[in-house]
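Below, chain A partners chain B and then partners chain C, in two separate complexes.
Up next is the complex of A and B:
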């Protein structure tokens, strides 16, 4: 077990080490000042200081709340819609063009409007997160449900399975690997959605901290520290989804 | 081909194939990173000198959106004042935070920026200096409809005020204005409008007052037929308005060119003060869409011109930098609970450089 964990972690650690070394070399060879490209040790020190003095923590709490609510609402709606699209040609014909159009509209352009309509509080961020999460999960659900083995469904009919039994015993288990593919993408997009929502307005959140670090404090190390925190949030969510996926889907995932 | 520089003392033959590949790979990666990286600060550039020399390129950063507020730059360009000064000027429009950083980096030679941005930037080690005052009066204001009954900063207590965010020059101005009346931001109901929708909110009655610019929102409100009240901060804390900033390396290496640029810009400002229509025409020539509403643009320009002079510049000349006002501002900004200044507040000599002003 320990050996397997080590085997999995070693490449990750090696790449991270290589990245930090290359970053440091770039700073040293390029002779860049801290306000253009801070060296990794300065960013690490700023990250620790910002956590210790309470600069980052409240912003993380805000962003995490937005992400979780937006992700839950967006993915819930996407699962229902994706299933409807998979099972109803009429629903697909009616909804698909609008879903694609909504997806093609830049969320960056929509965010200020959503902030205007719903205020700059939690609601607008949750809506933006939900919107950005919705499409990949809806499409993955539709494709996943359609990919369920038809012979299995036939067997279900032969044994007079109820629609609920078909859904819970055949369709959901069969579609789960693909659905989780969409959920993985959605989870990382939810992070982006929260940040975009905070850029459109708000008093707290990691997006607000980026604006403060860049636009008011000119604190480039804090900007990098915030970006690292956002990246860490995304990775943590992704791993959490992988963990759940592994429990539910196993080796099929 | 010589020996591999990254591993002195060993010949290529002495290296095993794997180690050779690793060394070469590392060398290539570093070279690529350096080549793709941002430009280092203080990169040497050719500086032309002498009357026969070709004009020296000078990149000038203006505010984010081309506007009649930059009429003096457009006029100096079109009238050939920059060319006569041996300059080939190119304008770039940038938001303030980007502009300060790019000037510090050396990508932009000179730009117009908030004085209140220079202080936190210098405290973070960005090598910029404020070299000439353009807005001798601080342009950020709080304004309200006259019908609101707000006449002084003290009247803002308990009122609803719209502002883009709790940062930047408007936020500093608001805190300075409120402190002059013994108030704090918590004494007001502050609504945030990050996309600068506070003007529309005020017009619709969603807020009682808003932050804005003396040469923009209040002008538009008056033009729409609504009388306005404007609360200015200058009497309370003389905050430094927008001015020209330059990087310290540019000040050293392009002093002659920067002097010529400042002189040409101030000359254009004087001409526009004497005849605002000249500035309006220059702005419309540079930004044709401004010509769709000459009346509004002229009103904005006249309000802008009103901020270019103060008692201090009247006494010390156009572009003069009020060092005492800067010292007061540093003290005030350092005293704020959410001060944007990092570490020990910089001294005035670290913030301004008056050597480029006309003597």
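Up next is the complex of A and C:
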């Protein structure tokens, strides 16, 4: 167990170390001032200070709330829509063009409009997160449900499974690996959605803190510390999804 | 086979020392099911075709009966409608002409009294063996404890008691098929349909499985209709062999098998194939026992 953890973690730690070393070398060799490219140790100490003095914490709480709500609502709607698309040719014909059009429209362009309509509070961020999360999970659900082995569905018929039993015992478990592929993508996009929403207008959140650090505070190390926090948030969410996926999907051979 | 499991599962009369008549009956004969009781399976003038482009006729005017507790094999070349016939009896397909009855009731769709073992095990890859065997019981609303106890008994019956926590990809091909048979027996079906269940196994494993299947049949008394490509398998297992031929498939002969019960591989060898083959098989059997 310990050996397996070490084997999995070692490459990650090695790459991170290499990245920090390269970053430091770039600063030293390039002679960049701190306001352009702060060295890693300055960013690290600013990160620790920002957490200690409570600068980052409320922003993290805001962004995390937006991400979780947006992700839950977006993925919930996507699962239902994806299933409908998989099971109804009519639904697919009706909805597909609009879904693709919505996905092709840049969320960056939509965000100011959504902020205008729904205000700069929580609602607009949750809507932006939900929108950005929706498409990959809906498509993954559609593909996943369609890919469930027809032979297994025939087993359900032999045992006279009800439509609800087919859904819960065969289709959902059978589609889970592909659905989780979409959920992984969606989770990382939810972080991007929250930051875009905060850029479009807001009082709190890591996107707002980036704007503050870059603009009025002119605190580049804080900007980097915020970026690192956002990245850590994304990675943590991704790992959480992997953990849930491992529990629900497990080894299937 | 675990004798304990056999005792706990066996609910019906076992068959011993059955001796059939030697004659090959005419293709149109539907051998009687036994006086006073409806046939376990009755197929009457059944035709079916797949509506592909171009249409594929699969069966034409097929009639035969299987008596309760009988083990009948259906044999024929590829494309003669063997699997289609089983799906019709299982209610997964509906005949275009004719009718089918199981236990005297006309088949109008899948029936819990009919178990089906497909050519592939078709186990749910996200479930353990125990959970796979328990699936029909779960769908039928059994409590968790009851269905797990029943599934354990069935895994013992089919000779796979040690795999209950393993998932299908962790099992050998043979154990997967044993698990599929256990699942098919879960609801104590009166009729068990087997669609070339051992076709993916090597010859030696297949022989052992035939012996195991005979034991299961004797323990449960279930009526079995077995589709196979193998003449020796059909002869070893069946009371009667129904021969399908042509496209669309028609019954061209029904051959009663004159072998007592229980049968062993040595019996089969002694009756049908060469002495040398019998000696090799006997040696293999001795090796197995050793």
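One rule holds for everything that comes next: the second predicted complex is superposed on the first by the 251 of 253 C-alpha atoms of A that agree within 3 Å, B and C clash if a C-alpha of one lies under 4 Å from a C-alpha of the other, contacts with A are read in each partner's own complex, and residues count from 1 in each chain.
Just so we're on the same page, contacts are C-beta pairs under 8 Å (C-beta built on N, C-alpha and C of every residue); 3 or more make two chains touch, one makes a residue touch a chain.
All values derive from a computational prediction rather than experimental measurement.
S.K.: Where does A:215 make contact in the superposed view: on chain B (first), on chain C (second), on both, or on neither?
M.R.: It touches chain B, and chain C stays clear.
S.K.: Using the touch definition from the top, say if A:32 reaches chain B (first), chain C (second), both or neither.
M.R.: first
S.K.: Quick one: classify A:158 as touching chain B (first), chain C (second), both or neither.
M.R.: Second partner only, chain C.
S.K.: Identify the partner contact of A:250: answer first if only chain B is touched, second if only chain C is, both if each is, neither if none is.
M.R.: second
S.K.: Among the partners chain B and chain C, which is in contact with a greater number of residues of chain A?
M.R.: B
S.K.: Using the superposition on chain A described above, determine whether A:176 touches chain B (first), chain C (second), both, or neither.
M.R.: Only chain C is touched by A:176; chain B is not.
S.K.: What does chain C use to touch chain A in their complex?
M.R.: 90, 92, 109-112, 114-116, 118, 120, 122, 124-126, 135-136, 138-140, 167-170, 187
S.K.: Can you tell me which positions in chain B touch chain A when the two form their complex?
M.R.: Residue list for chain B touching chain A: 29-30, 33-34, 37-38, 40-41, 95-97, 100-101, 104-105, 117, 120-121, 123-127, 165-168, 171, 192-195, 197, 340, 342.
S.K.: Would you pull the chain A residues touching chain B in the complex into a rising list?
M.R.: For chain A paired with chain B, touching residues are 22, 25-26, 29-37, 112, 115-116, 120, 199-203, 211-212, 214-220.
S.K.: Which part of chain A faces chain C closely enough to touch in the complex?
M.R.: By the definition above, chain A touches chain C via 149, 151-152, 154-162, 165, 169-170, 173-174, 176, 249-253.
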